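The following blocks contain the structures, represented as structure tokens.
Here come two complexes built around chain A, the first alongside chain B, the second alongside chain C.
Then we have the complex of A and B:
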């Protein structure tokens, strides 16, 4: 599905002294089957933006379109199934006695039969590398394990777009690599992924396109190269190093993401 | 912070905000007692005029302040209705089968309604012009004479401060968890009361777990900074009872006295 936000504005607590204009006219498209990275400083409106994608927040003004149709006219439950949103720190919403029960929450809301529910639960947990956690209490897991369980809980709805709000925040490098691999895996299976992140290297690695937000406005949209190379101070480490090197050695080519660099080195060593 | 709770502190600069919290608490107490001593509608109206002036001075927008009264409107309407229906005093104004409106019932209804509205408004003015921490400090101070009879004034005030401090935090947390469960297909508005109550389980469980975790963290943080109760503890903000605080108290008493006499 193609999800489009048109000139979306959002104001928190309007008409009070606590009023905050979090989005000031954001237009953005999530194309089918792409990984869209959303970056921006803290408070730039990323979390507010992604909550518009399944209409947990309705725009103060502006539109959200699903395949060209006004999303407010669709059934909310259906929209929320098709656009799976994983909140920032989703582990704080785990509630059931076992991980399996917790992951089963969303599919049960879809009124599937128990066999299908179980199938989806096991599949989601397996995809997240958390199959062995099924029988454990979600409250007795490590931070990374909780995060896996929480993401599985959304994936079990089999969404067409998976929106992840800072999924790798506070995780160790190995778990983070797992999550990035998962994102690419989902994309290969035809699912679009929206990845909100503070880590520009990670976005450069997996995103097809990047949207940079600043103070509730879109600063730039485009491929990681287009967005990150325009302003080197915003660039991932590899890009910054490369652009610094290029000052003295113009023969150095365009910078490559960390992953590609690593692959190239591995290939060299293997050769 | 999606919905401001009623009578929540409204942070603007005004002479009313500036008063010592103890003066405001005492003035509110005087006001409430006075309300019950006033027995004429004219008296209540004069006090109401003074309160309206005070709200204007406090720079709280009239609309915001009036929202505070919304929850009691039902009670007020009910009070008026009962007086009008059952009072047998005064002359008959309207007659309509069994139904009879008498002047006595109407004026008594008006009097009681005014009293309720003034009661709620005065308490609301106190909480919307006084920061929760200042309010707790004021209460602790006013209760401190009771320390002599071993009343834990400091502990009570500290508990109040912490509770007040965490209400908005828990509210935000609840919003977030509700959002996360709604994203997983939870629906909090559908079905009968029983189903709706059940649909809150996925929100209340993590909220409670989070609250206990927070309480643990807070206790540890307080201990690691050397907190061990009120004994010998100094304050960051000393309360100062100034001339204008005394003036405010005297004025309040005066206004109510006028009300009682009218």
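Then we have the complex of A and C:
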């Protein structure tokens, strides 16, 4: 599925003294089967933007199109099944008595039989390394454990587009790496992933394209190299190292992921 | 050799001491902390890392008396937080892990003032401190915003301002940068760096690169304190890292793969310089 935002504006609390124009005309496409990274400073509009992708927020002006069709004409429940959104603070949405019940809540709305629901739930927990949490109360978990439970709930819906708002905040480093591998696996299975993240190093590893927001506008969109080499001070560590060397060693090129950067550094004469 | 934490039972000059502390949450079979001992000397900057569920936030809650140990003893500036929590909270302030839950007041400025209210600070000084803390985290103009309507990073900054306003001698930060952008993260780390020596800091994080300048790093896994080491030693111990679900930061991983000393190269700038120096000496030699 192809998701398109056309010239989306969004104003919080319009007409009040606290009016905030969070999006000021954003146009952006999520192509089928790509990982799109969304980066940008605190308050730049990332969370506001991704909540438009399943119409949790409706644009003040502008359009959201699903395969060319105006998304407001689709059934909301259908749209939310196809576009799965994991919030920036998903912990606050946990509510059931056990983690398993919590994760089962969303897929249960899909009219699946109970066996299928259970299979999906256990599978989602397992891929997040959270299988052993199934019987625990979601309120008696550590921060990172809660986050895994919350992500599993959306995974179990098997959406066509998975929209993740800071999903790895609070995950331990090895779990974060496993999760990035999971994102690539989903992408390879044809699912689109929108990844909002402050961790530019992780965006560097998985994104096919990157969109940088600034004060509610698209500052840049393109391949990771195109976006990150514009301003190496706002770039992943690999790009910062390579761009410091580029002046005297132009042959280094514009590597972004870790492996490419390492190869480029090794190829430098004498290094 | 003296057992860590033991000395404080007599003296009182340590900022924090934990001596053989164990804790289990009611109804759970596994202890969240088992027999944990360590000390923080005044002015030290100590990191805490380890896998999800390792016990980091539990330790944090024991330090101000929110939780009480089942056995063992915690002392903060010589006082026991389980019997004198309010006294302890004047000396030790905590930034909790979840910035979403901590914010309670109707407006940002009230939230930042919240921690000061029980301290008997005169009104005018209270206002000054709140204004200063809001400025320190770059949130001028947000004073009358409702905390619930802020972005993730803005919420985290409000929570941090609340801690700074109290000006405690001991700052305990549980994942303080998890929702900040790259420049916000750098700002907070630089700010903490300015407190160096003046304040005692315990900094919990999943980002090892934030701790490369710390004095020591504690590793908690499965409720046990499995290491208490300098950053240099931790970063160069591949087995210890792997066993504790830690991954070397990108700069150090590149250094290691290129045969450069990872623990000595802390920033992209330092790494780039080392690579240049080596290519140049290589060119001259060959």
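Definition applied: the second predicted complex is superposed on the first by the 251 of 271 C-alpha atoms of A that agree within 3 Å, B and C clash if a C-alpha of one lies under 4 Å from a C-alpha of the other, contacts with A are read in each partner's own complex, and residues count from 1 in each chain.
Going forward, a contact is a pair of C-beta atoms (placed from the backbone, for glycine too) under 8 Å apart; a residue touches a chain by one contact, two chains touch by 3 or more.
Nothing here was measured: the structure is a model prediction, and the numbers come from that model.
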Chain B versus chain C as contact partner of A:106, first or second or both or neither: first
Which superposed partner A:84 touches (first chain B, second chain C, both, neither): first
Contacts of A:261 with chain B and chain C, given as first, second, both or neither: second
Of chain C and chain B, partner touching more chain A residues: C
Which of chain B and chain C A:154 touches, first, second, both or neither: first
First (chain B), second (chain C), both or neither touched by A:174: second
Touching partner for A:18 - first (chain B), second (chain C), both, neither: both
First, second, both or neither for A:56, with chain B first and chain C second: first
Chain B versus chain C as contact partner of A:10, first or second or both or neither: neither
Touching partner for A:92 - first (chain B), second (chain C), both, neither: both
Footprint overlap on chain A, comparing chain B with chain C: 12-13, 18, 92
Residue numbers on chain C that touch chain A, as the complex places them: 25, 27-28, 50-54, 56-57, 97-98, 100-101, 144-146, 149-154, 157, 175, 178-185, 206, 208, 245-247, 249-251, 253-254, 257-258, 268-269, 271-272, 275-276, 278-283, 285-286
Chain A residues touching chain C - in the complex, by the definition given at the top: 12-13, 18, 40-43, 47, 88-89, 91-92, 140-145, 148, 166, 169-177, 198, 200-201, 233-234, 236-238, 240-241, 244-245, 248-249, 258, 261-262, 265-266, 268-271
Interface residues, chain B side, partner chain A - complex: 1-2, 4, 10-12, 64, 173, 176-177, 179-187, 201-203, 205-206, 209-210
Residues of chain A defined as touching chain B within the complex: 12-13, 16-18, 51, 54, 56, 77, 80-81, 84-87, 90, 92-96, 105-106, 109-110, 139, 153-154, 157
